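Just so it is clear, A, B, C, D and E label the chains in written order, and each chain counts residues from 1 on its own.
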């Protein structure tokens, strides 16, 4: 029994230790670095728990882009002095967690561990897969059964970027121009095509296997961020229609399909059987484009991108 | 149902037009967004009319899939009324922002249209995870709007966003525990299947904690004054009038439909007591705050106490009057608070001071804004014939019918006195003729009159009190 | 000694070697005082460790298809480790030079 | 439903009476400060229209017509305006006195600023008072009761000095908490018996058996809520301090509108909501009687101790208004006549006294009683009006005050509580003790050798501005006529007998 | 990859709850906004871990929960990015306001 549980145990201990130190690290930069490591371990745990889509997404979004965000923030922040080891805080945290987890275990798990892990009802998704237009269940749920969630999802990204535009009120002298090393430029030149290739593959693969709009978008965003940082990509001026158009492309298309399916088809977001697959692919492509641009602006957007 | 979705989509289309439109100056953006709000208001009224005529709540499975799978939208008389209410508040706040000098930055229009869409999505949704995303949308839009008023509000906006994210995570955890037991996220299916088990209790506790933190309900309200006071006038009007009511709607939805009845009856008194304490604590804090907009923000916390008490009593007694009282409060408070914040913003801008002492002699320097403040304050206190009085009357009726419930009536009495205290604290200062604080700039009358408009509407609510009560009597299901 | 157990023994030994190299790398990271030594320790040993690990896994997987996958992954990992090492060292050097002359 | 009623003039009239002072109020708010002529026209026009409408209604009621207007407001409780005999008496009283006070106020505020704001709130307050008089059920009464508080507050703090603001805050604390208690009482009663119109004899008798305790609680809440405005003993604190307001404000508000609204409310609650029998059955009226009696004595004793004229008049109002509560609480027909007629007489006499006090303060700067020596020589007309008012308050015939005290005494004997007769006599003696010195100083003492503190209006033909002199004389004459022609039907006493005959169905 | 043994799902559930509680504690105790943001992200990972652990109770794992986690992830990244930029802007405006004073150490 324990041998079979060993890998999970190792991962869990690793997860908790890294999370703990990410929170209570001595300096702020250590905390950020450890949090990126935490993101990687979470991706591993999810892969272990049989969720390849999520492992991909977590690695690309959670560890990748959040890592870039944090490290760019670290560059702007002054080096904070190391905090003395505060055993009181650690003790408090330990008791808080032990009490909560044991309470949860006693009240929820112990009385009936069986029905916690019972898998009596198989999800209705399998039955409705036949006329969903795609063969991979997660993508079917995301883009067909719960398409309204994904539409609001794209809105969340749109809200975030509109919100970000408020944070550059005053014309400040921009950071000193990042002098780029030739090594970095050549490395970007090799890596970005690869990212584009993998992103495209993930997008196409989404309909039949793990992958999809969000993971592909994240990878493309990573590529754009590298280009943007090394200065090879000119600033994405918000005033140009291309940038604004692509930012709203995903939402606009989703909205049009919703309205069209209502007026012409059977009902809101009720895709016609024959074209469900192609419609989903179209929506996914434009969604990937929007996600890539928005994530790039979120991570590497400066005043000259967003406000000029 | 189509009108309701039209009322949801119109502001979104307006926002997208403003975002992608060529050479979109703030003036042109305001016209597009105001048109969007007006259209959305008309569509909401149409939806209200159809749903009350047919009498039954309409549901729509998005995408045509069967119940367990698809996200289900629901249009009940209550949600139609809330749609109309949100559109009206956005119209009023938009008009005010359009003509007043102190309203907001230029991106106000896109964000207010987005906020309107998110709220409409929340009122219509009957799926717990979908409600999580709409909560997140509202949180992001609200934070972005608080940040509109420049760098001095960033700290408050950051705290607001952090707490709102934490609250959403706690809410999501609760939803997941419910899903793990009943395998459905749809509110109506949950209503028929939910039982009183340990996991359901934990889930409901988590959901309630998350929503109370997000909706600034009493014990978890500390982030609200800084955020609402820091925001520009039109934004704080929107925040206090409508945004804070989203989590309250979900709390009501969860405790009256998803939770089993006897569990709700057990928790009811606690919620009502929290409401009563909120009434007094919020009022006491408002009385002691030296800043105008912080006073108005704390009065939001206090007035939410009324709504919380109505919800608590609805849960423990399961009678329709409490349902009517709860939603009358929400609407009356929304309109009154919108006018109060706009008037406070105008006075603060014209007299050039954030402190209360700067209001001396306001009846001479900024008469119309002060009149708007007093009239809106009158509805908050619940003076007849205002909307606040209507709601308080409907709340008092069932409480006073049995002597053993009279302590709640005492709570309401205390709440009324406390709210009278902090409203008239401002009004009395305004009548001071000895040391008048001269205005910095010439008062901009258009802004003052627009600040007065919602207050007059809330006082006119008494005329259509019967229809409102008849509409809400359907029990909201 | 059936071929199966031979493959197992071989892959396990290779993986064990890989893990040893990782351990030495980690030890180097902790023990060395200077930035450049620690950087040196980490990049060198991790790449080598990864190589052994990849080889062991490729043999254990038994199918050529996955072996090629693993080899491709190894290539990219090696390239990125080398570039990162270079960039970190160069950045550190420039920081020290700017500190000396300022 | 509303439109149908608009057709019939009998239901339109009550609304018109209220609008006749509401619309001028809004127009006056809008008139600029210097348009004095337009403001005066609006004021006087409003009064004349209102008086004609009231006259029309008086004729209608005496011929037995019913005036009723209804618009639905709350579930089970609609806003009702109706003109029955009792409400008409109060409406006529407040309209006539509003005429006198407006003329007085125009003269009084000649040189001060913010006149538009003052007269706007002034007519708003009168429309609230008329609304209280015409209200047909408890909900409408509560509505106008709260509006009266909001309309009178700006008048109390009109001067805007710190003292005025302090008095205003105190006024608000008392009246708003009173209003909330009244709201609780009305809501409690509504939950027990539902809201029906005011019916002579009350509509609560049916529910006495099972929720006896709740009815007593409702009665107590309502009486305390109304008691604040009727200045019953523990709740009277705001009245003396509100004297800091300008003279016309203290004249109309604290002699007629606010205080009388409280007393009128008590009359409505005891007679038309609970009814006399239920009042006795629940054992409530004796408690009220004791409170009223104590307030009468307390008010008179406090008045004795005051040195400032207006504060002495304020405390005398506190005790005089409790005469009305006393009469109502004694639950006999004659006592009721005494109470209701005292409502009118006290209004006429007290307003005369306030006008004269205002004249003295404005013309000669006299505020304290010692400064009144030899006033008769300098301002004979004002002093004679003051004397008529003071003697009337003491109860000297033929001035109106005597009749109400006479009926109250008779009622006390008739309903068997002789102690109340002793209280009435005691308070009359106290009245004499605190009014006689003023009259003596005015007529018989020597004017101050160093001259009066101020001496303006020297150039005007009369002793002071004619618009400040005419109203006190007019009201003094009225109180005399009300006394002399007490027997005829046209007088307040005659009309009260008509009311009480309906009330007690004799 | 058959459905994991029951008690490994329980193990992951316990760890997930521990992560949520750790994040909540961090949010309550820490004062530095960036660390509080990290705490919230840890809480988010904990919640998503519960979802995936519950999804793992059946074979193949429940796709609805996986879709929810994907949606949750994107919400988390956009909110975190906006929160981080907001915190940095707040810090800059505070420093601009208190320009010249030593960098207030708000650990």
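By definition in this document, contacts are C-beta pairs under 8 Å (C-beta built on N, C-alpha and C of every residue); 3 or more make two chains touch, one makes a residue touch a chain.
Everything numeric here is computed off the predicted structure, so don't read it as measured data.
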Find out how few touching-chain steps suffice to connect subunit C with subunit D. 3
Would you kindly say which chain has the C-alpha centre located farthest from the C-alpha centre of subunit C? D
Looking at Cα centroids only, farthest away from subunit A lies chain D
Need the central chain here, defined by C-alpha centroid distance to the all-chain C-alpha centroid. B
Ranking chain pairs by how many C-beta pairs touch, which one is first? A-E
Averaging C-alpha coordinates per chain, one finds the centres of subunit D and subunit E separated by a number of Å equal to 69
Suppose each chain is reduced to the average of its Cα coordinates; what separation in Å results between subunit A and subunit C? 27
Once you find the CA centre of subunit B and the CA centre of subunit C, what distance in Å lies between them? 57
Residue numbers in subunit D touching two or more further chains are none
Interface hub residues of subunit C, defined as touching at least two other chains: none
Touching at least 2 other chains, the residues of subunit B are 129, 133, 136, 140, 143-144, 147, 151, 154, 180
Pairs of chains found to touch, sorted by chain label: A-B, A-C, A-E, B-D, B-E
Spell out the part of subunit D that touches subunit B in their complex, as residue ranges. 71-75, 79, 114, 117, 139, 142-143, 146-147, 150, 154, 157, 159-162, 165, 168-169, 172, 176-177, 179-181, 183-184, 187-188, 190-192, 213-214
Which subunit C residues qualify as touching subunit A in the complex? 76, 79-80, 83, 86-87, 90
So in the complex, the part of subunit A that touches subunit B is made up of which residues? 104, 107-108, 111, 116, 121, 123-125, 128, 144-149, 152-153, 155-156, 158-160, 162-163, 165-167, 169-170, 241, 244-245, 247-248, 251-252, 255, 258-259, 262, 266-271
For the complex, which residues does subunit B have touching subunit A? 2, 5, 9, 12-13, 16, 19-20, 22, 60, 62-66, 68-71, 73, 105, 107, 110-111, 114, 117-118, 121, 129-130, 133-134, 136-137, 140-141, 143-144, 147-148, 150-151, 154, 180, 183, 198-199, 202
Residue ranges of subunit B touching subunit E (in the complex, touch as defined): 129, 133, 136, 139-140, 143-144, 147, 151-152, 154-155, 157-159, 161-162, 165-166, 168-170, 172-173, 176-177, 179-180, 185
